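Reading through the structure tokens given below for one structure.
As written, the chain order gives the labels A, B, C, D and E, with residue 1 at the start of each chain.
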Amino acid sequence: MMTEQVRKILSYYEGENPGVRTNLARILNHGTLGGTGKLVILPVDQGFEHGPGRSFAENAAGYDPAYHFQLAVDAGCNAHAAPLGAILAAAPAYAGEMPLILKLNNHDVLAPDGADPAPAVTGSVQDALRLGCAAVGFTIYPGSAQFKTMYQEIRGIAEEAKRCGLAVVIWSYPRGSGLSKQGETAVDVVAYAAHIAAQLGADIVKVKLPTAHIEQEEARKLYQAREVPVASVADRVRHVIQSTFAGKRIVVFSGGSKTSEEAFYEDVRGIQAGGGFGSIVGRNSFQRPHDQAVAFLKKIMAIYAGK
Amino acid sequence: MMTEQVRKILSYYEGENPGVRTNLARILNHGTLGGTGKLVILPVDQGFEHGPGRSFAENAAGYDPAYHFQLAVDAGCNAHAAPLGAILAAAPAYAGEMPLILKLNNHDVLAPDGADPAPAVTGSVQDALRLGCAAVGFTIYPGSAQFKTMYQEIRGIAEEAKRCGLAVVIWSYPRGSGLSKQGETAVDVVAYAAHIAAQLGADIVKVKLPTAHIEQEEARKLYQAREVPVASVADRVRHVIQSTFAGKRIVVFSGGSKTSEEAFYEDVRGIQAGGGFGSIVGRNSFQRPHDQAVAFLKKIMAIYAGK
Amino acid sequence: MMTEQVRKILSYYEGENPGVRTNLARILNHGTLGGTGKLVILPVDQGFEHGPGRSFAENAAGYDPAYHFQLAVDAGCNAHAAPLGAILAAAPAYAGEMPLILKLNNHDVLAPDGADPAPAVTGSVQDALRLGCAAVGFTIYPGSAQFKTMYQEIRGIAEEAKRCGLAVVIWSYPRGSGLSKQGETAVDVVAYAAHIAAQLGADIVKVKLPTAHIEQEEARKLYQAREVPVASVADRVRHVIQSTFAGKRIVVFSGGSKTSEEAFYEDVRGIQAGGGFGSIVGRNSFQRPHDQAVAFLKKIMAIYAGK
Amino acid sequence: MMTEQVRKILSYYEGENPGVRTNLARILNHGTLGGTGKLVILPVDQGFEHGPGRSFAENAAGYDPAYHFQLAVDAGCNAHAAPLGAILAAAPAYAGEMPLILKLNNHDVLAPDGADPAPAVTGSVQDALRLGCAAVGFTIYPGSAQFKTMYQEIRGIAEEAKRCGLAVVIWSYPRGSGLSKQGETAVDVVAYAAHIAAQLGADIVKVKLPTAHIEQEEARKLYQAREVPVASVADRVRHVIQSTFAGKRIVVFSGGSKTSEEAFYEDVRGIQAGGGFGSIVGRNSFQRPHDQAVAFLKKIMAIYAGK
Amino acid sequence: MMTEQVRKILSYYEGENPGVRTNLARILNHGTLGGTGKLVILPVDQGFEHGPGRSFAENAAGYDPAYHFQLAVDAGCNAHAAPLGAILAAAPAYAGEMPLILKLNNHDVLAPDGADPAPAVTGSVQDALRLGCAAVGFTIYPGSAQFKTMYQEIRGIAEEAKRCGLAVVIWSYPRGSGLSKQGETAVDVVAYAAHIAAQLGADIVKVKLPTAHIEQEEARKLYQAREVPVASVADRVRHVIQSTFAGKRIVVFSGGSKTSEEAFYEDVRGIQAGGGFGSIVGRNSFQRPHDQAVAFLKKIMAIYAGK
């Protein structure tokens, strides 16, 4: 049964074809949060991004891609995102169990790409189709001198993916020589990055939970003049959501406090209060032992479910 | 949760890519029979095949394609099959609610195509993708002098569909100058037709419930010699299932006794007893008033569920 | 300003992309009936279909394609439909004045194609784009032994046209050895033809105003049993509209009584009363002198406007 | 200098791109009649169409394709039309001397194609470009059961040719089982054939000079009722010109009286009086000795020039 | 009804196909200034170009792309220009209400691209077609070391767009290490930039209102020698218009005095007096509250309308 919440969100996507809307619905209607209009996604590309040891030594079960599929099933996540190889390895055994997001570009820390990185395209729309995925994922680094390459890659990929009925998820991570380290999570920069992703045609936007820092001088003046509140997590999430077509695009957040579980849940409450659509929780979940990870994810889902 | 029954069926399809298996799983896991390994599909192409009046005057709500989507949802069918126009009209409002099968060829009774008909191709794999379908459907008429045209059309379509992760459903209806009218539902002919569909790459085969008539002289002699039982519905279904790769392809049956509801249910019990995977029920459901149709379909599902 | 009537009609087309919906809106919002949800289209392909003399000798101004463009402007028609050559000749001078429908196939009476004709494809989607058209038009002859050729031609054309944002208009004219002459306009056959066009993906369906004759024996029995009223023009139009997705596809009617103008207007009132979306008036308008044609068309529009 | 006459003719072609208009201007501005808005074309495809002996034994110099190029130059024709091989053979020596029309399809009398012929496509748009042609030529046979094949071939060829800036000349020759022998040159049929060519996108239409015979019963009634004059050559030419977009497409005529030179000139005077754009003169010129042919063509041009 | 003013402007575009001319006519004939030959366009790509906060915090309603569509409708603008995401989000609800220009490349201020920027291509011609746009927009930065990349991108895009009947709008913004900051709006540089855009095939050129500064030494000498007047806004606009094919390409101006509304209107009067075709007004309109923005835009239109 289609709920009012999901029906409302889908109404924002009338510019997309029924195939894209079907795959968005598959994600929104799956798992513990299915039908609430909120979502929790389990992404596992850290093996590629940071190396397998750094990613999985903490919980060695995670070396096996199938582990993450099972974790997403057990926790009732809305979807699981991973690069080509991992999905190729585990998708057959999990066919039809859960919406999948094929991460179509990746970056590794071995590459000496300096201050202005750009990931490599490592999969195709055709891969996503033959592997049964509901969406493709792509990372852009606004702030990198290589922005033009990345934006143009996702432009072509998004056009092809949507023509084939796949939804498009953009990870928008500010990074590059145009930004300070602190600026990468500055509220003005994160809001800007989310906006860029939406303008590039993202159906789902993924950003980091922003800090109260404001990176751009012009933005700071204006935020003060217009009294744009950025003090609390909820304030900042609200600003990001507003910056992403006034709430008419699904935005999910990664990151959050690492000081304690309670502090993390508090951040989730802030995302919820600020109108965020959910969380994408990677290392913080899969680096814990299986049962703790499930409990942790279920607690997050309970907050989004308003329980 | 993936059940043992579905997992076993999917194991027959390891030659297909994970996309095809995902879409088979979507169909097998959806609706009232989800997870049982049995399926009931609501097909509505009769408006095209026999004319709108003959199809829908009986229950005028059926003129609206959306009615059938809702009926399939209300009855908990595993999937709904329809031609391009109907899916184009109703899919947006039902995005994500149910697996769809896009019927890619159609035939109408106005056409003076004599004893050896061939349907027209009326949709494409690309249509199925952008409309969010889980499978494409195609009708072949074994026994028609135009068999070569039809077999070659589905060959190309199936290749493309599967490359894109879509499952392939073949309606295999013996018809043509090579057959007597009685022969169209003869048990040897139906078994043969199901086998041809499987050989053409069908993931799901749809045939009519066969009679005890044996059309081919050579077949009759052999069936008698080898004592192939064809007396009961269960016997004949068992023979069809066996003929379709020894049960390793999903075969669903249409038709069934029209003398009474009870007789129809008895046929369903026969399909169940013979190892059939389910039913595809069109006119017999949508020509009844909505609530009666739902009750009728739910009763059929209850039989398949072993209740 | 978008009216409620047009907004409602456009809501039936959410399966189409915004480009197709924009072009449907252009047609629905243009001319005297703009915004009413009703439409009157001026088609002039008779020069090709019946020969120039038979078409234009009556009113020799009509030999010039530009005459028909001007007539459509002067009368305030919603759109003008014509074959490639005529649009190529007159479109430059009328660029932007009126939505155009490029007729993509044509048939002539010199061709000895017997009882089962099929028109020739005489233009392309690319032609329609470079000539600034809002839609492409295509004729099918349900009932012809060549149905497969025609249905497959429009399938490919419609897919390409819609991908490019063009709307698709199908002229569905029953004709062929499968039908009696009387059967070509029989109410059951016309309703069937309209349904086929909709299933083939037509955004706008064009049929002839049906008579009370019922061609198919099975249809006749059922209509009587179910008391489907077909006595009046309004009854028959209502049945056609219902048969075309329960009113969710635009259906326009050609033909109508030739006995007198008043009888023709009475037919238009019947179309209006039966829920028809409008008329497509060719020879009956352009074979009259200009001012009489304008007055005639304006009178028809006044009826649709409820004046 | 562009003359008023040519400027006016080119204004009919504003739907074509500047490349097509440039090539039309090249033809209209070349030779003795350059700038007058009238044209005389020398076509030589009779070797292919009727065999070399029947075509050239009369004047053996004509076996050499170069002879016809030189004849066209010497006589001051606007253009020379020929099949691929002839142009390939002679174009190098005559590059830039005269606009060329590459005849893209041809038919021979050896082929046993019965009552409903269709020529073979024997050259390409690419051939025309690399050989420096100003236009491509194509023959259709309205009235042949193979009309669909021919119309669809020229549709594709014309689209490609025009995209490359080449003008399109259609030879429209009624022929086929739908017509009597007399009907092939009937005034109603020739007018219809010219109209069909224009609707197919011809920039220049070539038809046979029609007789006063009226083939179609419906046409005859209407012509009488509307008093369409067809008694004189000028009357009939006027009707053909009118039928071809009211004079807005260039129409040239072949044929003409064979009883005497004077009778032929009288026909040309009729074409001129009826508003025809010129003549296309093949056998009647190249089967004469060179100097007589030049004189003959120059006399025709003088009539068109009003001298 | 086509006015003389629009007809005259369209006559400059006879080199374009009827599709492009139709879309130019759609823009010229829409809204309050429809038919006057003048135009006011509402562009909103500032969210992408400068960040959402800096663009919309001033008037928070503007975070929603639909707000700008409504503003353009309410003010009676000729067209609305925006990037892919915004049009995807709002076009369905506004299908057919207003000509749209899809901005096909974009740049953001997070990118550390130094003195010689180049935007990223963020949409396609195919996107514009399926979203129902009348034109595509593209920004070039003459003066950037990356000019070759940008000019070649628009060359390919313009070719494809025009083949599909879409008009091409070029934003020509001098910027790069070859220019001083003051030089970016110097009258000689702006005139040069407009000329480059026209040479690249722009149907509509968009430049900033130039200052009296002359950047290039050679230009300065010549302007003085030839007494090219650049003292007033009207003088400078006249020079830009003249530089863009002597007034035969539509040029619209952005920018204008920010000191007061009256000063801005005075600039508009200067554009009007200098023969400019209109204004493209972004931030100056959408950063005001809705009703003030409508009043402001209507006042500008009144000036262009000569009221």
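Here is the rule we go by: a contact is a pair of C-beta atoms (placed from the backbone, for glycine too) under 8 Å apart; a residue touches a chain by one contact, two chains touch by 3 or more.
This structure is a prediction, so every number in the text was calculated from the model and none was measured.
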| remark: Maximum distance between Cα centroids and chain E occurs for chain B
| remark: centroid check, CA-based, most central chain -> C
| Pair with more cross-chain C-beta pairs in contact, given D-E and A-E | A-E
| task | Name the chain whose C-alpha centroid is farthest from the C-alpha centroid of chain C. | result | A
| request: Going through C-D, A-C or C-E one by one, find the pair whose contacts repeat those of A-B for over half of the pairs by residue number. | output: C-E
| note | Taking each chain's centre as the mean of its CA atoms, chain A sits from chain D at a distance in Å of 67
| task | Starting from the mean Cα coordinates of chain A and chain E, work out the distance between those two points in Å. | result | 35
| task | Could you give the separation in Å between the centres of chain B and chain D, each centre being the mean of its C-alpha atoms? | result | 58
| remark: Chain-centre distance (mean CA atoms) for chain C and chain E, in whole Å, is 40
| task | Would you pick out the residues of chain D that each touch at least 2 other chains? | result | 14-15
| request: Could you tell me which shape the graph of touching chains takes: line, ring, star, complete or other? | output: other
| Which chain pairs here would you call touching? | A-B, A-C, A-E, B-C, C-D, C-E, D-E
| request: Please give the residue numbers of chain A that touch chain C in the complex, ascending. | output: 14-15, 17-18, 163
| query | In the complex of these two chains, what residues of chain C are touching chain B? | reply | 12, 14-16, 116, 142-145, 147-148, 151-152, 155-156, 159, 174, 176-179, 188-189, 191-193, 195-196, 198-202, 216, 218-219, 222-223, 226, 228, 239, 242-246, 248-249
| query | Hey, which residues of chain E end up touching chain A in the complex? | reply | 47-48, 50-54, 56-58, 60, 63-65, 67, 83-93, 106, 108-113, 118-124, 126-127, 131
| message | Under the stated contact criterion, what part of chain E meets chain C in this complex? | response | 1-2, 10, 14, 17-26, 28-29, 73, 91-92, 94-97, 126, 129-133, 163-165
